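Shared between the two complexes below is subunit A, which pairs with subunit B and subunit C, respectively.
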Partner chain A sequence: MSEPVIKTEGLSRAFGEKAAVDSLSFELNAGSILGFLGVNGAGKTTTMRMLMGHLHPTGGMVTVAGGNPWDWTDLQRSKVAYVSENMNLPGWMRPKDAISASKSFYSEWNSSLAESLLDKFELQNAGRYKTMSKGQKRKMCILLALCQRAELLIMDEPAAGLDVTARRAFVEQILEVACNDNTSVLLSSHLLSDLERTIDQVALIDNGKLIMQNHLEDLKASVRKVHIFKKIAKSELAEFFSLVSFETSGDGETIAVVFDYDEEKFGRFGRQHNCLEMAKVYHMNLEDMFVEITKNVN
Partner chain B sequence: MNRSLLKIEFIKLRLCFVAISIVAGYVLFCPKPLKSLDMIAVLLGAIHGMLVGFLVYKDSGGVEAFMFSRSFSRNTLFWHRWFLGFGLQFATLLIVAAVIAVGFRRWIFFSSAYQPMIKWYELKVIWPISFGMFAGFATSMFFTLSRRIINAEKPSTIIKRIMRYLSYAAVPLFLGIFSVFSVFSVRDFDIPLSRMLLLGWIYVVAINVVSTMAGRQCFLKMEINS
Partner chain C sequence: MHIHIDYNSGEPIIHQVVGQIKLMVVSGRFSPGSKLPSIRGFSKDLKINPTTVTRIYKELEHQGVIVLRHGQGAFIAESQNKPGKDEAARTIRPEAESLLVEGLRRGLSEEEIIEVLKQEYKKIKAVKE
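Up next, the complex of A and B:
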């Protein structure tokens, strides 16, 4: 099995007394697209900045593209593409200038993709970077990152400020790049519907700690919302399932989100508590899961 | 050297052309003969050098996040910027030399009593300009880079901030003051000019070596706001 493209062990970063990232350990394997989720202030951007060698960790270790980002050589650095919310191109640059400069920076530069994305993102006549709209600026940064033919794409809120059409084109392009070039992607976004169509793994962090990392399909197969029209004690349900959330209403209903749903197991639970006919089980999308899990953690 | 990278870095130095014009203007219009010990030339050179050092290494916000995410290691980026800073100073010296050697200055002061000796004798003004320029560049480079580290670290109290700032700045500051003092001492204490100029240049070289090494360390370690 090949080495992971990203590997962190006990990665930590504190700002004064506050720990922004706290003993974070996770891996990203080659060719995977990992959605990096968390509420505002969870530590996503701080983690990504450490992965890029823009921020010193206060503890733990990080290996990206085969080395410590702070000691990257030119070659290692060229293997990683990065888009962040705070990134800006020099104001005088027109799209053509940025592309021509990038061509000289990267030996693997994908010129045909650059031309096609210029059209798709409607940047042909966009003018200088400083006069572009927020969305156009974001598109320009995404274009440069995608055409770099990097081994790893690290993208922090890349779709923020993009219109629906551009977001769709962006999602398609991410999938295409990941499939064709075997590029690994670490993607953080609050637009979970976009993420759900793109990612194959999900990592959730909260207060700088990793809550879970799992394959999206496994997660979707195992997390269910269970609505039972009968009052059930939390301990009774917890005997069978790991609970993400649990609530009972005054009129004798139980609503719970369970982590490790299994049809056969639920059948046994229903028969034991005589509630099989009174229960409805719902699939959950990524956004609903995210809300339930983070609500429960907090 | 990557030419596209140099071009991107060069464009942010536009303000330096004002400083180049001031230095060239002084050389062109100074009514007195220009000498190898011209304190105004030292000062203008130092201002020019400091401006170049600041503009080359200053924190340009989101653009720094962009530059530090391209295909260049920090080391490569540092030396490209250093090369550009030094290149710009040599270009300024060339312009100054051209103003004198081509004869513009002689033409302006055609009626001056000094006119016959203007051309070659006055080329010596390049020494004090370059003296100030290189000392200014090195010191300013280090100040700018160490300040970026201090700003990123956000020390909790103002006293800690000042202490850290001083500790970073101590070496180039000491060498800088000492080198300027050496020039003054030639004038005030009547020490042989050639010996003091040599000593002054040793200091300038020392400032440049120390500041470049220390500045590079800062550059390799500083955090980027991305």
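Up next, the complex of A and C:
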């Protein structure tokens, strides 16, 4: 295996007394697309800014594109593209100006992709940056980041403010660069249905701490919602499964979300508690899992 | 090749795609030896992560549905993994049991349940035509 593109160990950042990022350790491998999830204020943006060397960590270590972002050579820096949440370009720039300015910075600049994205994102006649809509501005910044042919794309809420068509085009493009150029991508988004189509890895953070990192497909295969039409004690279910959430209703039903569902194990549980025919097991999509897990970590 | 992915169901994409490809093989849509798209092509067509496509192909290979030839791509296996009939029957027995339980619980008779199976069998075979 090649070296991970991002590797953090015990990465921390405190603002005064408050720990915004708390001992965060995770990795991103080449060609992988990682969805960085967390509720507002979980520490996503702070982490991304440390990965880019825009913010000093108060603890731990971080390696991105083969070096510490604070000691990056120009070459290392050019291998990483970043779209921040409130990125801006000079107001006088038209799309063509922004493209030719960026082109002069990056030796690997992909001119044909720039042309095709101008079309796909309908930016040909968008006028000057200061007069663009919020969505157009966003698309412009994404275009510039994608055309750098970077080895790593770090994107903070890239799809916020984009309409459905633009989001689909964006998702397709991310898959294409990951596929063709083996680009790695770290992106945060609250639009989980978009992420579900794109990412292969999920990292979930809450209160600055990593709750879990996993392959999305493995997560979907093992997290299930279990609905049993019988009252079951929490400890009885916890003997078999690790529980994300658990509740029983007054009329004798049990609803639980488990982390490590397994058919054979559930069969044994059902026979032991005589409730196999009274149970329904459901898959959960990313959004439902996210809500259940974040609701119950505290 | 048309494959439908339901993102809202939460069912792993790998399961969904593997199931549909197996159906295409069983129904004769895909003949032994035919070539599947490249990982890149498949990822582009279905708009899913290339890593996921790699895992789909590995799973299909593991189940004996396809063979991966180095440098050439993925092909439908010439002889579909046909274990002994006893073993095959053992594999599907748990599914058969839960099907029977569901059917009986809903008031169907033995014959009615078998009739449902026969109809489904005809549907799968009809895909071929």
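Worth a mention:
As a convention for this text, the second predicted complex is superposed on the first by the 298 of 298 C-alpha atoms of A that agree within 3 Å, B and C clash if a C-alpha of one lies under 4 Å from a C-alpha of the other, contacts with A are read in each partner's own complex, and residues count from 1 in each chain.
Please note the rule applied: a contact is a pair of C-beta atoms (placed from the backbone, for glycine too) under 8 Å apart; a residue touches a chain by one contact, two chains touch by 3 or more.
What you see is a predicted model, and the numbers here were worked out from it, not measured in a lab.
Model built by superposing both complexes on subunit A: subunit B and subunit C fit together without a clash. Remark: in the superposition on chain A the angle formed at subunit A by the CA centres of subunit B and subunit C amounts to 150 degrees, rounded in steps of 10.
Once chain A of one complex is fitted onto chain A of the other, the partner contacts of A:S100 are limited to subunit B, with no touch recorded for subunit C.
In the superposition on chain A, contact is made by A:S84 with subunit B only, not with subunit C. By the touch criterion stated above, A:L11 is placed in contact with neither subunit B nor subunit C.
In the superposed model, A:L117 lies in contact with neither subunit B nor subunit C. In the overlay built on the shared chain, the residue A:V202 is in contact with neither subunit B nor subunit C. Using the contact criterion defined above for the overlaid structures, shared-chain residue A:K220 touches subunit C, although it does not reach subunit B.
By the touch criterion stated above, A:A126 is placed in contact with neither subunit B nor subunit C.
Of all C-alpha pairs spanning subunit B and subunit C in the superposed arrangement, the closest lie 26 Å apart. Comparing the two complexes, no residue of subunit A contacts subunit B in one case and subunit C in the other. Against subunit A, the residues of subunit B that register as touching in their complex are 2-5, 7-8, 11-12, 61-63, 65-66, 68-73, 76, 154, 156, 220-221, 223-226. Contact residues on subunit C toward subunit A in their complex (touch as defined above): 7-15, 39-40, 43-44, 47-52, 55, 101, 105. Residue ranges of subunit A in contact with subunit B, taken from their complex: 15-16, 49, 52-56, 70, 72-74, 76-78, 80-82, 84, 86-90, 92, 100-102, 104-106, 141. Residue ranges of subunit A in contact with subunit C, taken from their complex: 31-33, 171-172, 175-176, 178-180, 193, 196-200, 215, 217, 220-221, 277, 282-286, 288-289.
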